[in-house]
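As written, the chain order gives the labels A, B and C, with residue 1 at the start of each chain.
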Amino acid sequence: MRLLNIPRSRAYSAAADESLAKVDVNSKTGIAVVSMQRLPVNSLNLEMLQALGNTLDSLEKDKCRGMILTSESPTVFSAGLDIMEMYKPKPERVKQFWTTLQSSWLKLYGSSFPTVAAINGHSPAGGCLLALSCEYRVLVGPKNTIGLNETKLGIIAPKWFMDCMRNVIGERQAELALTTGKMFTADEALKVGLVDELATDKADAIARAEQFLAPFAKVPAMARAFTKQGFRKETIDWLKKNQEQDLQTFLNYVNQPQVQQGLELYLQSLKKK
Amino acid sequence: MRLLNIPRSRAYSAAADESLAKVDVNSKTGIAVVSMQRLPVNSLNLEMLQALGNTLDSLEKDKCRGMILTSESPTVFSAGLDIMEMYKPKPERVKQFWTTLQSSWLKLYGSSFPTVAAINGHSPAGGCLLALSCEYRVLVGPKNTIGLNETKLGIIAPKWFMDCMRNVIGERQAELALTTGKMFTADEALKVGLVDELATDKADAIARAEQFLAPFAKVPAMARAFTKQGFRKETIDWLKKNQEQDLQTFLNYVNQPQVQQGLELYLQSLKKK
Amino acid sequence: MRLLNIPRSRAYSAAADESLAKVDVNSKTGIAVVSMQRLPVNSLNLEMLQALGNTLDSLEKDKCRGMILTSESPTVFSAGLDIMEMYKPKPERVKQFWTTLQSSWLKLYGSSFPTVAAINGHSPAGGCLLALSCEYRVLVGPKNTIGLNETKLGIIAPKWFMDCMRNVIGERQAELALTTGKMFTADEALKVGLVDELATDKADAIARAEQFLAPFAKVPAMARAFTKQGFRKETIDWLKKNQEQDLQTFLNYVNQPQVQQGLELYLQSLKKK
């Protein structure tokens, strides 16, 4: 599970939003390509989550016609939550980290504009969550893998992570995937419906994403947005109502001595590589 | 979207129930074939919805053994809600229109007897809702299409329309179908599970519907009815509890000036054809 | 439906737990094979349900690494609830019968260890419920059948039976299966996802079950258990909150004169065979 969380490069921690989430808007179509570029593996620390949240706010304000979420890394879409946010955490920062994850996810999951993940690299855990929260998924095959593999790392995916998987592949397959911590190959992901299409490379993935978004030019935007938000209401409402409890569950988890020991061992093993 | 709503022929508005929903009961099997005949396209106005509701009440009273819902039109199952009920609406009538839609749907969705849609023509929007509310769907292929395409017309399908689609094709495919306003071809509908079988023509569709219903002769009727209503309880209860709010949402929508303008433009475009 | 319920052999009613549910723990893997052996057809009476509940308690206490549920009968996994518990029931015993079914099911459905059903025989009604409550199902084909066929016998499956089927094969297929009282052939069960694999015989089924469980040796047990219980929370919580009402519904049903008459006719027909 080398991909999940790599210590963040300190060089990026003070960087501005734009350096973490590059935004390219096609002035003809109004479609924005948002490229995560917290290299090497787009692990999601506080700043990266803020950058995503701010980007979503801007796109919402600018009446964006559609968003394609992708990665500047040649091998990883996003490695998921940054383990350094959980290791020896400072109380204020770790709290802000989780509430920012919550709020940025709410913006993504309930965005008024259509969203596609052009998954051009591995996409474990939090990376998979980002992909699941879009409305359509194109995965560059055949080597890349995707899944909510938290269980394998001793982590319990929060209820809203579970719901995202349920809403995409159904109850039975979601339970099986999360209890086994399965990382799906491209073919498996396509077969189970975890992704909608496979692509040959990043350019192909973006092209297919654009093809999915193009017909929305003829669909009244407000009716489309309300319909999407109607489908997602129950999942969104759960987190809104349980935001504080969800935070406490995370804080309790991260502050357990055995969790900190596990993280320490994991980080030492990374250094040896 | 020519099929959706065509101005209702005034000739029908005062007609009796029987002229709108023809009922043929097979005295041997106890199975009723209900043929919608508000030609040309069975658009659902107040009288048509009342006729359906009254028919369902009668069948319930007569301990009907099964119902097959079909159309007298050679090309359209039902074009959906009648746009003329929404254009320059009179307050009392439009209110009665929507509450009758609600109550007739509750009778259909929760009927004690088994129901099959023999879909012998196009079936957009409210026509698709009728089909989804039956327990089995046979579609005459290959030309006919079916779907909840409200979004494409700038309309937001109410939550119970969404739930009907969810309950048949699952959360993921339902969100995709309604946000894109997709009309499924016969083959697509079969593949995604939106219909259960394809037929070559109306007679074949009715025969297949009868074949689905036949084994119920050996299933104790009360246990079957309670099992069906158990599965549908949550969807039914939602509307029962939110009937007033659902009505207000519709009235607010229909009374918006831009909605009325849209309807006017649409009706003018129809006249030109 | 000869398989459903056969009068229990009085010889077993006083027997100890071990004679009803044989437990074999592999000391290397920590995996327990639990074999139901209330022959001839493992019909679920009070003692059998207690034996299953006690076995689950013991496995939970012993930090079992996984359970495989199977049958000592060469032809039947379990025939379901024992009809003799419902025929001319004594008030105290029939109440204990149902509450034990509830509590043993809660233990199985929410067990912290992973569970597989190695279904080496027919599995109607309550037998199917046991299989559905495990996390993985291997069915010995091609002759064996499985399904919640209560409706065909005039019985209404309780909501939690419905939910178990829903959670495995989805809303649409579950409604269709239970309203028709369908018994699935092995191939049909595999196709609809009611079972995950087919096996050639019991040994093959056990081997496949072990293969499913093996990778869990590398998955942290607590995270896995909480993830499973998270997925099953809603279904479990419903029964916990409605346990008394669910009991009353059953008692009302079983005490109806026409139900008792139906059982008497059924038992007479069995004696003639």
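Please note the rule applied: a residue touches a chain if its C-beta (ideal position, glycine included) is under 8 Å from a C-beta of that chain, and two chains touch if they have at least 3 such contacts.
Remember, it's a predicted structure, so these values are computed and weren't measured experimentally.
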**Asked** In this assembly, which chains make contact with chain A and also with chain B?
**Response** C
**Request:** Note whether the interface between chain B and chain C is symmetric in residue numbering, meaning over half of all numbers used appear on both sides, and answer same or different.
**Result:** different
**Request:** Could you report, rounded to a multiple of 5°, the rotation needed to superpose chain A's C-alpha atoms on chain C?
**Result:** 120
**Fill in**
Whole-Å distance, C-alpha centre of chain B to that of chain C, is 39
**Asked** Multi-chain contacts in chain A: which residues touch at least two other chains?
**Response** 166, 170
**Request:** State the interface residues of chain B toward chain A in the complex, per the touch definition above.
**Result:** 150-157, 159, 162, 166, 170-172, 174-176, 178-181
**In the complex with chain C, residue positions of chain B that touch it** = 114, 135-136, 166-170, 193, 215-216, 218-220, 222-224, 226-228, 230-232
